[in-house]
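Two complexes, one shared chain (chain A), two partners (chain B, chain C).
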Partner chain A sequence: MDLPGPIHDFLLVFLGLGLILGGIGVVLLNNPIYSAFSLGLVLVSISLLYILSNSYFVAAAQLLIYVGAINVLIIFAVMFMNGSEYYKDFNLWTVGNGFTLLICTSIFGLLITTITDISWYGIIWTTRLNQIIEHDLISNSQQIGIHLSTDFFLPFEFISIILLAALIGAITVARQ
Partner chain B sequence: MMLEHVLVLSAYLFFIGIYGLITSRNMVRALMCLELILNAVNINFVTFSDFVDSRQLKGNIFSIFVIAIAAAEAAIGPAIVSSIYRNRKSTRINQSNLLNK
Partner chain C sequence: MIIDTPEVQDINSFSRFEFLKETYGIIWTLIPIFTPVLGITIGVLVIVWLEREISAGIQQRIGPEYAGPLGVLQALADGSKLLFKENIFPARGETLLFSIGPSIAVISILVSYSVVPFSSHLVLVDLNIGVFLWIAISSIAPIGLLMSGYGSNNKYSFLGGLRAAAQSISYEIPLTLCVLSISLLSNSSSTVDIVEAQSKYGFWGWNLWRQPIGFIIFLISSLAECERLPFDLPEAEEELVAGYQTEYSGIKFGLFYVASYLNLLVSSLFVTVLYLGGWNISIPYIFVFDFFEINKTYGVFEPTISMFITLAKTYLFLFIPITTRWTLPRLRMDQLLNLGWKFLLPISLGNLLLTTSSQLFSL
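Now for the complex of A and B:
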């Protein structure tokens, strides 16, 4: 989206803050229903981040599928299986948690140094010079539809068969 | 600039997902952390598709495929967890040893 600079930066900081706090809340809150709502916050801020990076169709699909279907399903699962057992073992900090935290933060720091070391703009400019500069008037959603119906046609059909098989299998497993 | 910031955010989300997936004792919370990992992958796809390939948009199509696979996973996962809960009356990961005997 072509916003002026300070508004764009403010929105980016705002969404990043929501994403960081929501991610911490998913892992560290001790009631699972709160962490499910925190997951909803993360998914909504990711969808707004997609709108900021000009991908409106994926933003709409993220809102509809993740927030509308997956998050509601997870909240239903939490409410369906909510026992009193969740409150027994919070504050249970073992050695394995600290070890995992150490390994995750070390790999994360390594990845941050790698990301900041690579000169992304050289890569982006060399790939942009290779592309044919044609200013066509079709939008992003039309472009995605054309790709899905021409050269990604077979994976698209496979996705539909996988979804059908997964939903039938889920109903078969869940009903008794 | 925006590309590095979004990549760092995506890496943060990926590693907090892996941390929660390893250390959580509740199966539903493990499923939530799996969603976080898939979302981190999606953020990378969409950002690189916007910055590098803004004419063809193939990263967007891959992210739509990832979203569809995540929907299938989110249908299967709570079904298996509810089946385990019905047999064991518990959703803790370390008590699910149904294949043990």
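Now for the complex of A and C:
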């Protein structure tokens, strides 16, 4: 969306806050139901961030797949759990938790160092040039289609075969 | 210290002028947002009145007659009654989820009105993914229903919420496949382009004639998405008291009511846009603009006529869902899921396959 500067910044900060608070909520909330719903908040704010950066197709796909399908299924699964016993004896510091903390902090540090190392201006200018070359007449979703059927044809076919196999497997499991 | 008073006054008036200008700017950005909301609300009130009158006609009753002429204000009276009723929270329920649930259900449907075109220029946003955005946003609504079902601390509500989510997930797939074949036919998924692709041959250019199977599947699955009567299992009175709405009272119950009618209105608007030619007059040999001898490019005349045609088609189509509601009995839950997964899904896939191959051969 081409918004004026201050509104754009405000929305960016707002959505980023939603993202971070939702992420913290997923980890820290005691009731797994609340965690699942705050995961939904995280996914919705990611898709709104995509809308803010003009990529509507990715935003709609994110909403449809992650929020509409995956998050609803997660909520379904969590609701069938007997939640009350799960968080009564909740111990924050076990060996597994320490191990997870180590991995997460190392991934975080790695990401921070890579983000600061990359020269973002170079990337911005190459993408701008590519956009000019791929002339603006073709819409965003059409560009995605063209790329999927030329450059990324093999991965696309592989993914569709995997999905087909999963579909058939689900049908056989459901019929038993 | 001496200050030249006229100068200060000048500065003051200048800053006030700037302030006024900013306020005008904000108002001018808010007007296009609030006008459609007002129009949509009036549209929902009209549907409620229509439903009451038609159901009364079918059951040989009189229907609403005291509130206003012909009872048109009955829905408004009901709404204000709900606003003044007490808000009751269930004991030991999750109050936060209980309060957020209905608003998520309403907001997710209201947002999808932004891609509905009423005229070639009278649309809030003409995105190139138009219809896809509607599909994506309407998939958020079950989260609100699950929230309210879980937050009510009631087995009936919980079952109703689960049923609503299962139903809307399973019927969304045939709906999406029908929309996909329409967007294949018109080479775009923008709603404006879809309507313009149907404008060529008048009445016979409608997508209804090119996609009869798709139209029927779309009709059935949009009824299921709206949870209207042949498919209103989430709130089946005999089994579940009232489903996920059992514990609600006051305006929160009203929000669910509004959400279901908003959903009905938006799906019949999309039937008009996708299958019934949108804002085109569609009767050959009648050219409105020649008739009135008014220049087509000038003024507000053309958008008004287009909006009138769109709304007329929508409300004429609405007779089908409303009469269906008061005619057909309710399905059982397993029949509903069987219909969705074993009948509608394969047929809509076959329809998509046929459409794709015909498009390929016509290239």
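Note that the second predicted complex is superposed on the first by the 119 of 176 C-alpha atoms of A that agree within 3 Å, B and C clash if a C-alpha of one lies under 4 Å from a C-alpha of the other, contacts with A are read in each partner's own complex, and residues count from 1 in each chain.
Simple rule for what comes next: a contact is a pair of C-beta atoms (placed from the backbone, for glycine too) under 8 Å apart; a residue touches a chain by one contact, two chains touch by 3 or more.
Keep in mind the model is a prediction, meaning the values are calculated, not measured.
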**Message:** Just checking: does A:G40 make contact with chain B only, chain C only, both, or neither of them? Give me first, second, both or neither.
**Reply:** second
**Request:** Could you figure out whether chain B or chain C reaches more residues of chain A?
**Result:** B
**Message:** Contact-wise, after the overlay, does A:A61 reach chain B, chain C, both or neither (first, second, both, neither)?
**Reply:** both
**Asked** Of the two partner chains, chain B (first) and chain C (second), which one does A:N97 touch, if any: first, second, both, or neither?
**Response** first
**Prompt:** With the two structures laid over each other on chain A, which partner does A:G16 touch: chain B (first), chain C (second), both, or neither?
**Reply:** first
**Prompt:** Between chain B (first) and chain C (second), which does A:M79 come into contact with in this model arrangement: first, second, both, or neither?
**Reply:** second
**Prompt:** Now for A:L167: first (chain B), second (chain C), both, or neither, which partner does it touch?
**Reply:** first
**Asked** Touch check for A:I24: first (chain B), second (chain C), both, or neither?
**Response** first
**Item:** Residues of chain A at both interfaces, chain B in one complex, chain C in the other
**Value:** 57, 61, 69, 76, 140
**Message:** Under the definition above, what is the set of chain A residues touching chain C in their complex?
**Reply:** 33, 37, 40, 44, 56-57, 59-61, 63-64, 67-69, 71-72, 75-76, 79, 139-141
**Complete:** chain C contacts chain A in the complex at 94, 97, 127-129, 132-133, 135-137, 139-140, 142-143, 146-147, 150, 158, 162, 165, 169, 172, 189
**Touch list for chain A against partner chain B, complex** = 12, 16, 19-20, 23-24, 26-27, 32, 35-36, 39, 42-43, 46, 49-50, 53-55, 57-58, 61-62, 65-66, 69-70, 73-74, 76-78, 80-81, 83, 85-86, 89, 92, 96-97, 100-101, 104-105, 107-108, 111-112, 115-116, 120, 123-124, 127-128, 131, 134, 140, 143-144, 147-148, 152, 155, 159, 162-163, 166-167, 169-171, 173-174, 176
**Asked** Residues of chain B touching chain A in their complex?
**Response** 2-9, 11-13, 15-20, 22-26, 28-29, 31-33, 35-36, 39, 42-43, 46-47, 49-58, 60-61, 63-65, 67-76, 78-83, 85-86, 89-92
